[in-house]
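Same chain, two partners: subunit A is paired with subunit B first, then with subunit C.
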Partner chain A sequence: MDYPTLLVQAAVNGLVIGTMYMMMAVGFTLVFGIMRVVNFAHGEFYMLGAFAAFFTYAQWELPFVVCLLIAAVTIGVLGALLERAIIQPFRSDELSGMIATLGLSVIIQNAAIVMWGPTPRSMPNVIDGVLTIGPFTFPLSRLLVIVAAALIFAAFWVFMQRTRTGRAMRAVAQDAETALIQGIRVNTIYPIAFGISVALAALAGVLMAPIFSVSPFVGLTPMLKAFVVVILGGLGSVPGAVVGGLLLGLIESFTATALGSLVADILQLLLVILILLVRPWGLLGQKEA
Partner chain B sequence: MRKNVTAIALPLAFALSAPAAAAETLKIGAIATLSGAGTAWGMSIQGAAELAAEDVNSKGGLEVAGKKYTVEIVAYDDKYKAADALTAINRLIFDDRIKFVAGTVGSAPILAILPISTENRVITMTMGFTPKALSAEYKYSFRPVLPSDVFSDPQIKWVVDKLGGKRVGGLFPNDESGQQVGAANEKAYEAVGAKFVAKEFFERERVDFVPLLTRVLAQNIDIFELNGNAPQTAGLLVKQLRELGFKGPIIRTGGDATADIVKVAGKAATENVYVHQPIDLASPAIQQYQKRFEDKYKIPLNAFSPFFHANMHMLFEAMRKSGTVTDTDKVREAMLSLKDFDTVLGKVSWTGQEQWKSNQQLDAPFYVAVIKDGQPVVVAKCTPAKCQ
Partner chain C sequence: MEASSASVVAKASESRGASGRKLLTRVAILATLAAALAAPQLTTNQFYLHIANLALLNAIFTMSLGLIAAVGQLSLGHAAFAAAGAYISALGALQLKIPPIFGIAIAGLAMGVVAAVLGTILLRLRGVYFVLVTFLAGQVCTLIALNWESVTRGANGLVGIPPISIFGYALSSRLQFYYFALAAFVAVFAFIWALMRSQYGRAFRSIAENMQLAESSGIDTSRYQVVAFALGSGIAGAGGAAMAHYIRYISPDTFTFHESIAYITMLVVGGRQALLGAVLGAAFLTPLPEALRGFVSVQHIIYGAILLGVLLFLPGGLYSIGKLFTALMTRSEKRK
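After this line comes the complex of A and B, so read on.
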């Protein structure tokens, strides 16, 4: 392989991983921005999404678009219910809320082990084959992730900007009390926001399941990366999560391809520390007063 | 009140156990991992011991020096931990008065119990791959399974000769075992004239190997080596290698992980993958054993199990020959004198003098298989000296 081929290959790899990080981080940061809750169980919803893909796509052989819808709706609703039952009681108490989500993550993961067993399952690709342009070869299954993630994110963006609920969510994020005075039902907005957040994680899980594999432990890495991304982009900032996610994916891919995985991991975390030192509110986050 | 219950129960228990002793029961211990991640291996030991006991009991018992013994297996769980194995061996030796033990599964557990079992002249049969499990000092320690340092060299030589690859690449986990396996593999490949041109390490939680594989493939490798990777990781590596367009042979030198590799990577990606195969699944004796095992325990047969079944039968034969079920020195000598002994594995003998100063390593053939349509198909039969 020559140099330009390697570069392009690394860029596409980086975009694939980056879009996954982006989808994870957007939901994660959304919940923090609106509810001030750090959701440690976020990765487990990714895992549930991956299992949803396994059952709907690999076992029941439904069309992939339908699988995405089923995963988003069922896991989104589950998230909203969990918010109501477990997270809402801790609304004014950030620390207890954090511990509640930590407990939730352990419960979800172990329940998955009990129900589905610890062994990894593999599922078929949504599209097989490769796209060859000149000297470059890309697996179509990976290109699909980029396209699907872009569409999902576009839908999310339109929802946030153009719909009443989206606008209400942004208002609550800016100032919950003022939003309440304006007649926004904050208590309804919270579960909706949480549901949308975990639905995004579940969609990431569905998209990545055919590429990686499905097991109760797959949520851990995306969760850790979501943390890194929101520090990079700014906690609570949706554009920051997008930029941070794509950036982290590209950095990871280029450094790992050029320097090996160990150096890549070192550089990534060095970057995080550097950002925390120099610009603790992140690339696009807002400096807290 | 509690004291009173014990006072009544204890003699009662003795009274109940007394008739069993009169019927000449020969107890054999098993220290096996029966919970947690190593359960499949532990069950393979316990199952082998129980099936071997069934073999002799169904013929009216094991006849030694004119007496018939009913063989009974006493199994304890060591949870793959040295401390629990130690508890188990103490119970077996001092409570159950047992002289013969199948197990342990792990290396650390066997090393923990060997000083005690040796001192009490208890014969053990371990699955632990550690080179320290066999030595002149541990007179009663046997190993029925072939450890990787026995099978990897001949297998690598065969693969390099047969496939003609000169440039080898591999990814290994970045911890002590991964680093060790990586170094050992590099040495083995270079000893037979191939070159390890790309060797990368990664943190165990990584799931996306594409950047690293791109880096490895940039070195124009002919062969990819999967050794040292957990079964699931090995499967992901195969899948992602094929997606990046690598069509060359992929080699799994190391423990049996074929089922998981095929599960994760799918049938199409696992064509042209060569794996180490401890048993020949096409042999009628193995197939019969597999059916018996799977019917009884309802779990898939682990390839290690037949080795323990073979060792148990060698033990029974040694007891018959030496005419004792208590003098372990005589039984040990009789067992070591067995040559080309017929077992479920085929004919087996003992080896290891040169490598470990202890001739108590089972010498059985092993195989190299290529995966075809998701199933391993044997392509070469090996001995520790060479494959063909």
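After this line comes the complex of A and C, so read on.
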């Protein structure tokens, strides 16, 4: 394979992984920005999304758009309920809230093992075929992920910028008390925000399910990457999560091509620890007072 | 004059009450120790002994995690220190023929030094940032253990690790290791107990309570945090090494992120406020999964559910039940 082809393919692969990281990180950072909760169960909602895709698309053979909708709605509602029941009691106690999400992640993952077994399953591609532009060929299945993720993120962005609820969420993220004084029901905003956050994770799971395999253990890596991305971009910063996610995907794809994926992983984690120490508020985040 | 004599009387009666309680505590400690020494003689069941050994080791891990938590920091990389300690001692014994008992000491010292160095850098972060960085550091350790195959033999792990031997007397049976683990447990317990009652313990608590206030009262907060982190991680390293010489096998799966969560669970379920809480948590949660052998996932679900239940409904952990009980007792006594 010649050089330009290799580079272009690394770029496309990087964008595919990058959009997944972006969707994971945006939801993760949203919850942190609004509720100050580090959600250690975030990856498990990705895993649930992947299983939702497996059942609705591979087994029941529903149209893919319907599968996306089903996953987003069911897992989003589940997330909102879990927030109300388990995370809300720890509003004033960051550390206990985080420990609660650890417990939640253990329960969800092992419930998945009990219900669906630990063996990885594979899923068929949503579309086959390739797109050829000049000397380059792109598999359509990868392009679909990029396009779908871009559309989902655009919808999320419009929701946050244009709707009442989206504006209310941003207000709560800035200052919960002031938002409360303005008549925003903070206690209903929290479950909605959490639901949207985990719905984004679930959608990432649906999109990636045909590319990676589906098993109860698939949530850990995306969650780790979400941590890395939000530290890069700044905890609580949505633009930081977008830029950080895409950047990390591309960097990872190129370094893995050049150095092997393991070295790339270790280097990445060390880089993030370094950034945490020098600039704990991230590359694009705001310094906390 | 009158006022001062009244206060003397009050002090005298108070100290009488205190000395009575002290005596009671001493008797309770002696009785517990005697029971712990005698218990294995009553059973020949190897399985119960194994559980007791694991509970003692888990108590050591949980107490050391609690020592770090005492300054208000939560480490999600605690198992990584145990793993590194285990590998150091195991490799020392296998390749350099270092006696395991020295290997354990070396592992503890090495991890203490590593944690002190890391701590001076990492402990600038607080709260969730510190948790995230310890989580990521733990992941780095697991990746290294998996991939540095020439030394760690990767996923296969190290086999045939020799047991601990003292003056040429090998502690190869479960019963022999039980007494070793018990001694180690008592030593760690006594050490942390004394530490928490010293000037250090008071400084730790004030840092956990209010960092700014502690700092403006002239407490060197970063130094005390590093001390707590180094001691806690050092104990974890030594504990991990002891575990390696007990189960005689170590792999990247022995101490993972899940073990770090398990120690946090034990700490929270037992009670974060007191040293005894860590012990209660380990004693309660170590045997629990054995009731569900063969259903590992169900065990984990129950672990998670207990963790959530305690967090939600019993924030002080199991320890606070005992506290509640004594409070009720003294109240009824006063009524008499």
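Here is the rule we go by: the second predicted complex is superposed on the first by the 285 of 289 C-alpha atoms of A that agree within 3 Å, B and C clash if a C-alpha of one lies under 4 Å from a C-alpha of the other, contacts with A are read in each partner's own complex, and residues count from 1 in each chain.
Throughout what follows, a contact is a pair of C-beta atoms (placed from the backbone, for glycine too) under 8 Å apart; a residue touches a chain by one contact, two chains touch by 3 or more.
All of these numbers come straight from a predicted model, not from anything done at the bench.
Undergrad: Just to be sure I read the superposition right, which of the two partners does A:Pro124 touch: subunit B = first, subunit C = second, or both, or neither?
TA: first
Undergrad: Touching A:Ala150 in the superposition: subunit B (first), subunit C (second), both, neither?
TA: neither
Undergrad: If you stack the two complexes on chain A, which partner ends up touching A:Val66: first (subunit B), second (subunit C), both, or neither?
TA: A:Val66: touches no partner chain.
Undergrad: Tell me which partner A:Asp265 touches in the superposition: subunit B (first), subunit C (second), both or neither.
TA: In the superposition, A:Asp265 contacts both subunit B and subunit C.
Undergrad: Please indicate which partner A:Thr257 is in contact with in the superposed arrangement: first for subunit B, second for subunit C, both, or neither.
TA: first
Undergrad: Contact-wise, after the overlay, does A:Leu81 reach subunit B, subunit C, both or neither (first, second, both, neither)?
TA: In the superposition, A:Leu81 touches no partner, neither subunit B nor subunit C.
Undergrad: Please report the subunit A residues shared by its interface with subunit B and its interface with subunit C.
TA: Subunit A residues touching both partners: 224, 262, 265.
Undergrad: Where on subunit A is subunit B touching in the complex?
TA: 1, 6, 9-10, 13-14, 16-17, 119-122, 124, 130, 137, 139, 141-142, 212-213, 215, 218, 220-221, 224, 252-254, 256-258, 260-262, 264-265
Undergrad: Can you tell me which positions in subunit C touch subunit A when the two form their complex?
TA: 74, 121-122, 124-125, 127-129, 131-133, 135-137, 139-140, 143-144, 147, 258, 261, 264-265, 268, 297-298, 300-301, 303-305, 307-308, 311-312, 315
Undergrad: So in the complex, which bits of subunit A are touching subunit C?
TA: Within the complex, subunit A touches subunit C at residues 32, 36, 38, 86, 89-90, 94-96, 98-100, 102-107, 109-111, 113-114, 224, 227-228, 231, 235, 262, 265-266, 269-270, 272-273, 276-277, 280.
Undergrad: List the residues on subunit B that touch subunit A in their complex, please.
TA: 174, 200-203, 205-208, 210-212, 214-215, 217-218, 232, 235-236, 239, 243-245, 260, 263-266
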